[in-house]
Structures are given as structure tokens and as C-alpha cells.
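Pasting in a structure now, in C-alpha cells, and then I'll have a few things to ask.
The first chain written gets the first letter, and so on, giving A, B and C; residue counts start at 1 in each chain.
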Amino acid sequence: MQNNFIIESENLTKKFGHFTAVDAISFSVKPGEIFGFLGANGAGKTTAMRMLCGLSIPTSGKATVAGFDVYKQTEQIKKNIGYMSQKFSLYDDLTITENINFYGGIYGLSKSKLKEKTEYLLDLLKIPEMHTGKLLVSLPLGWKQKLAFSVAIIHEPKIVFLDEPTGGVDPITRRQFWDMIYEASHNGVTVFVTTHYMDEAEYCNRVSMMVDGRIASLDTPYNLKKEYNAGNMHEVFVKIARGR
Amino acid sequence: MIPLIFFMPVLQLLVLSNAATYEIKNIKFNIVDYDQSHFSRELISKFTASNYFVLNDVSFSVENSEESFKKNQAKLIIHIPKDFEKNFRSQGLSGVQLVINAEDGSAAGIINNYALNITRDLNIDMAVESSVMPEPVPMINIDYSNWYNSELDYITYMVPGILVVLVTMIGTFLSGMNVVKEKEIGTIEQLNVSPIKKYQFITGKLMPFWFIGIGELAFGLLIGIIVFKIPMLGSPLIIFMLASVYMFVVLGMGLLISTLTNTQQQAMFIAWFFLVLFILMGGIFTPVESMPAWAQAIAYFNPVAQFNRAMRMIMLKGSGFKDVLPTLYFFIVYASVMMSLAVWRYRKTES
Amino acid sequence: MKRFLAFVSKEFKHILRDYRTLLILFGMPIAQILLFGFAITNEIKDAKIAILDFSKDNTTQEISNKILSSGYFLLYKNLSSTRDIEPAFKEGIIKEVIIFEPEFGKNLEKSKLANIQIIADASDPNLANMLIGYTSSIILDYQKDLLKGKTLPPIINTDIKMLFNPNLKSVFMFVPGLMAVILLLVSAMMTSISIAKEKELGTMEILLVSPLNPLQIIVGKVVPYFFISLINYIIIIILAKNVFLVPITGSIILLILESVLFLLTSLSLGILISTISNNQQTALMISISALMLPAIILSGYIFPVENMPLPLQVISNIIPAKWFIIIVRGIMLKGVSFSYIVTETAVLAGMTLFFVLLSIKKFKIRLE
């Protein structure tokens, strides 16, 4: 395998009994790329992502993440990635600062680094000083979601995995959220994102369309639209799903 | 949910009514007989002949015998000293020592009673046998009768109490958990936008639980009467009349708890805490009469104690409407206080 | 280690922030021990009785006074006819009726035999037993007074020695059970709920993706509850020993070691429950129905196991609390040494090992 890809997957497969959730998917992701993983619910996006994060052992196939093997080197992988799940992933009964300190803490950030990061984040998210001591439960969902993303990359991972990060968020916050993703990518973080919002696919550098555990199509949004002769990604998706 | 609702009372009745017994049989005892006389053997045979005692071990040292207390093998040691018979014959006075394992104080008290009855019997036998009475002495003859449960059957005693526990637990938990659950998920907002009055909405919410509670009681009573053959001397109608008001006391309690808490877990814990206190002090497992005066006074305001008393009165003694009227009044007042407190607290949390 | 500490400190924040639960966790054992110590006794106090005196002479008056001045009984009413007895019981207030036959005093003096009838409300058999016992011993006392100065038939005296608990205090019996229940409540139930909570909220995924390994996560969850249990345990011991004078006759070190073993059993049970439940409510329900209720009802905590029917006695063997209660009663009240409780200790240790292995297996399957 070449070293200029940060994620490489070759015939990666996951079976649960007789059911094949992920069926021999192969793809590679370049450093700094925003790689979209699209598909309907149950298409196998989350299962594929869990294998890449080291949460689930593949049934067959090969894959490396940040140069580490998903079978044997899951501990090293975990140190190099960030993760944010579809469920809201911070603690409601802790304050903003406590949440930041906790996640920084479990990734082993030093005290001074943590302090610097906290100040940077609060400034970035424009959270007023008076709110930092409040329990998270009192914050609006949009802020929480942005905070969750910031926390997921607090340890400056090489790759961040985002599993349906914008579920239930209003369009304006979603736009702001993607601005944050762009900035992270700009700083060299590879972003691996699953979503079923087809408009979000437009924001990705490259997109893979998953149908029934297989990658049905993989290219830039521009090329996909051209290939399927479609005005937007939603049409592309509908055509792929039907044209099978 | 439905299977659970029917499964629970059966399980509770089966397990609790059998487990919750202070009836003591087959008390294992040891003998340390230093006398080895005709007389000491007669005393021992009195014990072995009784239904309550079973011989465990015979030895010649009290200390060794006490070891079996530590190994949980025996509860009683009968220690007969040397010259037991000789002293009786020559001085007219002799002694025997009963050593009782009193870890469990109430069991020890009962064992003590049984053992004393046996030695008393022996004394009477001896008095008759010796017939050395110079003049007849005045005797008071005591006649006992146990009304309403002459067999002293514990299951008869436990079932009404268990039904009270059942109804109380179901009501408190269902109402306590349900409302706080809505708070947790956020569906409680629906309440705020609905045009109907708060207390109407709340009563509407509680009605299903009320029916479940009454249904459980009916089902439990049926099992008690058919399977456990518990007498039902009074009218079931009076029971249901009381229960229908009592349910509101219980549901009000649950609702009040749920207004004071934010999560189901908290509600569960607080409900559990108060239920344990109410049930332990409710005269269900231990009689109210065995509490100190201050605790008896508190017990009067314990709805669980009141309902338990009324259930036993109606089922086992055949008490009528007039007899439980004070209890009914008490429930009506209690239910109104609980419900209004809950509704008032409810409004407060919302604004 | 630093990562682990960050995790543990987060757990403590969760716990300390939920002050209602905290209040219950600490209030529960205190309230229960006070209740058992002060309110639940083995003695009758102020039981309400009625007297039906057909004779109304000096002797019956004397006997009545003797009974009523004992402190055990309180006269609720005087009845005038046997027809009044039934309604009086049905009212539900009186528990016993004492009936003196007509001409009681005269009979006692002339024919040397007089009759008293005691009717007890046996809808509570325990109470009925006690009431009859108390009443007849007072009457027998009175009779003994009458016999003073007269030649007596030979008699056997019975000397009673109550071992381990001379004053028959019920709190002696309850303390060990209370310890077991509180340790189970905090260690098993709270641990399982708090792990299930992370699963329910989805934060468990985040933790698993982090460099913390699963063992650290589980241990980190367990540590705070371990300490809370310990504090609770110490409060119970201090209250029991100093307020209710429950003795610790055996080795306190042995007691603590055995308690730590049971604490581990409870924690392993909590972890096991959390591996099979995906949300808090399930964890709560399993904890209550499979742990708490059996530990309260079938462990010998309140009801002695040996009085139960055989099937329940058999079932009681799989309840860890039962073995712990035997151990604690042995050490605290009877002062036994380790050799007496080897079997019980081995059973607890075996159970703990079994639960740990089972949890690891379940946890692995989940990760697959």
C-alpha cells in the first residue's frame, strides 16, 4: 500500500451471521480530504465507520487508518482519530469547561495545552464567559453540536470520523457546522463524514454512495452529477438507488 | 406490560406469603445432660415429643455445644446439671438451664416461650405425681382462644398485607415514573399548550394507573381466595370502595415525587425510600403494637398502615362499612391533600 | 494513568451533581437503621384491650390493675356482655379481650379454682401469641403472690441464657442484612445504571473510540461507587456500634475483608447487569427484580430462611446476600473465626469469579 493515503480499504467486509452489512468495500482517502459517506439508513455506513475506528473487527478484507492495521493496531488508531456520533456526545450534567477538560483529559493533553485549547475553543465558538460555568443542559442544541465537534478534534487527530453529525440541527447551524469542518480540513485534518442529507454531499471533496453494503459509486460531487446527468446530489442518489 | 401486570401479583403472593413467616417449627436443639437420670430423660423426651423441637446433638460440654451455634446448626441448648433429680427429690427445687441463640431476637423470644411451656407442663405433671400438697392452693385456670385465625396460619395473615404492598408499589411507581419520564423526554410541553385545565389533564393521565391498581387488587384477591384459600368474611365491595380512594392517595404520592425530581432514576429512588419506610412501619410484617408510642402515633398517619389494617379487618374479621368509615374519611382527606399538593407543585415547576 | 484519573474525576462530578440521588443514597441506610433500632422492637407496647368482667369483685379488679399497669396494655373499653365481643374486634382497635367468669373471687377462695378466658385477635398470629403470653404470665405472677407462705409442690426452675443478644434487640438481626442491601444498592444498582446511562446517551461509543481501554472504562465507572459504598458501610457500622450497641465480637479486619469481598461481588453483578441492558430503565428493573427484592425477602435479612418452605430455601442459596449475612452475623454477633465461614466465603468468591467471567464474555460479544 502506498503511504500517501491516510485511509485505505480493500474488500473490507462485515457479516453478522448470514447478513452482510458491509460487502467488500474498497476506497482510499487522501490526507486533508473531506470524504463523504452517503446512503440511506441501514446501508452499512455506520458499520463501515465502526470498523475503521477499531470498534468492530472486520470479517474479511484489509484496511489501514493513519497507517495502522484495523485488525491488530486498534489502540494506535484510537490515539490518532477523533470521533463524534449521531447521538449527542457530551455530558449534559457537566459544564462546558468540564466537558472540554474531560475529553482533553482522556486523550492525555497536558494541563497547559488544555488551558490554551479551552480558551481557543470558547473564543472560536463565541461562548460568553458567563456560560462556561453553566451545565450543558441549559445550552441550545446548535451550540452543543458545535462544541461536540470542537471537542472531537481537541487532541489534533489526523482523522476525524463524524457519524451523522448534523442530525436534528437547523439549516443555519448546519452551515456554521460545515464552516468548522472546512477549517479543520484546511488545517490538515482528514474528515470522514457519514450523512443522509444529500445537500451536505455537495460540501464534500469526494463522495461514496452506499447501497446495501456496497459502494455503488465514488467520485467528486461534480463528476457524479455529470455522470448521472443530475442537477443535484439528491437526484444522483435517487438514480443510483433505482438504477441498480 | 400486560404479562408483567399479571405475573407480578402471582409471584409476590407466592414468594412473599411463603417467605414472610415468623412461624417457627423444627427448632434444632442440643442436649448437655450431666445428670443422666430418669428424671432428666423425662424432660428431654418432653422436648423431643413436641412438634416444635428436633434433637440435633448430645454432648457433655456446654462449650462444645455452643460451637454448634456458631456453625448455625442449633438454636437451643438444654443444659441439665448434675444432681438435677437428687435436688428435686431432696430439696423440692431443681434447675435446668436453657441457652438460646438470640441473634434473631424475635425468634429467640418464641423459642423461649415454647420451651417454657414444656417445663411448665413438666412441673404440673410432677405436682400431680408427687401429690404432697398439704392443702389445696388457689389456682387460676387460663383458657385461650385465637379468634379469626385459630390455626395461627401465617399465609392467611400475610396475604391481605401483601396485596396492600402490591397496590401501593404499583401506584407509586407507575405515576412517579410516568410523569417524570415525560419531563425527561420533553413531551410534558404538550401539557402547557393544551387548553384543558391542569388538574383535569393530570387526573386523565392518572386514570389508567388507577384502573391498573384496582385490577391488580381484584386479580390478587382472586388468587388469594382461590389458591391460598384466604377467608373473605366481609364484603369485597367495601374493599374496593376503600381501595378506589386509597389509589388516589398512592397516585398523588407518586405524582408529588415526580414533580420533585428530574430523572426517572431519582424518582425511583425517592419512591423506593418512602415506600420502604411506609411498608416497614405499616404493620404488615411486624405489628404496630410492637412499636414505641411515638412510632405508633406516626403510624396512624401512614396510609399503608391504615389500608393494611382495614384489609385484615374486612377479610379476616368480617368488619362492615361502619367499622372502616374512619379509614375512608382519612383516605379522602389524605388523597385531597396529596393531589392538591402535587398539582400545586406541578404548576410551580412549570412556570 | 492521567487519562484514567480524568475519567474518574468526571464520574465523581456526575455523582456529586445529582444531589437528590446522593441524599437518598446516604439517607436510606441512616433512616433504616434508625427505624430498625428505635421503631421496630420485639416488645409489645400499649396494645389496646377490652375487659369483660362478669364478677366485678376485688380480685378481678386487682388482676385487671396488674395487667393494665404493666405498660404492655391499654384499656380501650369495658364490655358488659359476650355479644359485645365480636363488634369490638370488628372495629379493629382492640387486639384482646379478657373475660372473668361470674363469682370469680368467690370461686377462687372457696373452690380454689377460678376461670379466666383470653380471646386474642389472631388475624395477626404473631401478635396474638405475644399478647396471650404476656397476659398469662402476668396472671401467673398474681397467682404466685397468692401462694406466698404456703407449702409448695417441688418445682423445676428454668434459667434462661440468651446468647449473643441478651436483650433480644431486633437491630442486632437487621444490621448485617442492612449492610448487604446497601452495598448491593450502591455498588450493583448504581454501577449498572451509570454504565447503562452512557450507552443510552451514546457517550459509550465516544469512550470506546478514545485511547481508554474497555477495562479502564469499567474500572473508572466502578471506583466512585466503591468509595460511596465504603462510606455508607462505615456509617452503618458506626451507628450500629455506638448508637445501638451492636457488638463486633469477632475480628474487625476479617469483617472488613469479607465486606470488601461482597463489595466486589456486588460490583461484578452491577457490571454484568450493565452488559445485558442498553438503557437505564432496563438496568434499574433488572437490579430491583433480580437483586434488591431477593436480597430483601429471601436472604434472611428480615425473615429467617430456615422457616421458609423448602423450594424457597433452595432458591435462597443462589442469592449472594444470604451468604454475606451469615458471614456478618457470625463475625459481629458470634465472634466466629475464619474457619467457621470458609464455605460461605468460598461461595461468595466463586460467585464473584463467575460474574466477572460472564461479564467479560458478554462484553467481548458486544465488541465483535
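FYI, a residue touches a chain if its C-beta (ideal position, glycine included) is under 8 Å from a C-beta of that chain, and two chains touch if they have at least 3 such contacts.
None of these values were measured; they are calculated from a predicted model.
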item: B-C or A-C - the one linked by more C-beta pairs in contact; value: B-C
item: Label of the chain whose CA centroid is most distant from the centroid of chain B; value: A
item: Euclidean distance of C-alpha centroids - chain A vs chain B, Å; value: 60
item: Intercentroid distance (Cα basis), chain C paired with chain A, Å; value: 54
item: Whole-Å gap separating chain B and chain C, where each centre is the average of the chain's CA atoms; value: 12
item: Touching two or more other chains - residues of chain C; value: 18
item: Residues of chain C touching chain A in the complex; value: 2-3, 5-7, 9-10, 13-14, 17-18, 201-203, 205-213, 367-368
item: Chain C contact footprint on chain A (complex, rising order); value: 53-57, 75, 78-79, 81, 83-94, 98, 101-108, 135, 161
item: Residue ranges of chain B in contact with chain C within the complex; value: 15-16, 18-26, 43, 66, 69-72, 88-89, 92-110, 112-113, 115-116, 119, 122-123, 126-127, 130, 132-150, 152-154, 156-157, 260-266, 268-270, 272-273, 276-277, 280-281, 283, 285-287, 289-293, 295-296, 309-310, 312-313, 316-320, 323-324
item: In the complex, chain C residues that touch chain B; value: 18, 20-21, 24-25, 27-28, 31-32, 35, 38-47, 89-92, 95, 108-109, 112-130, 132-133, 136, 139-140, 142-143, 146-147, 150-170, 172-173, 193, 280-281, 284, 297-298, 302-304, 306-309, 312, 326, 329-330, 333-334, 336, 340
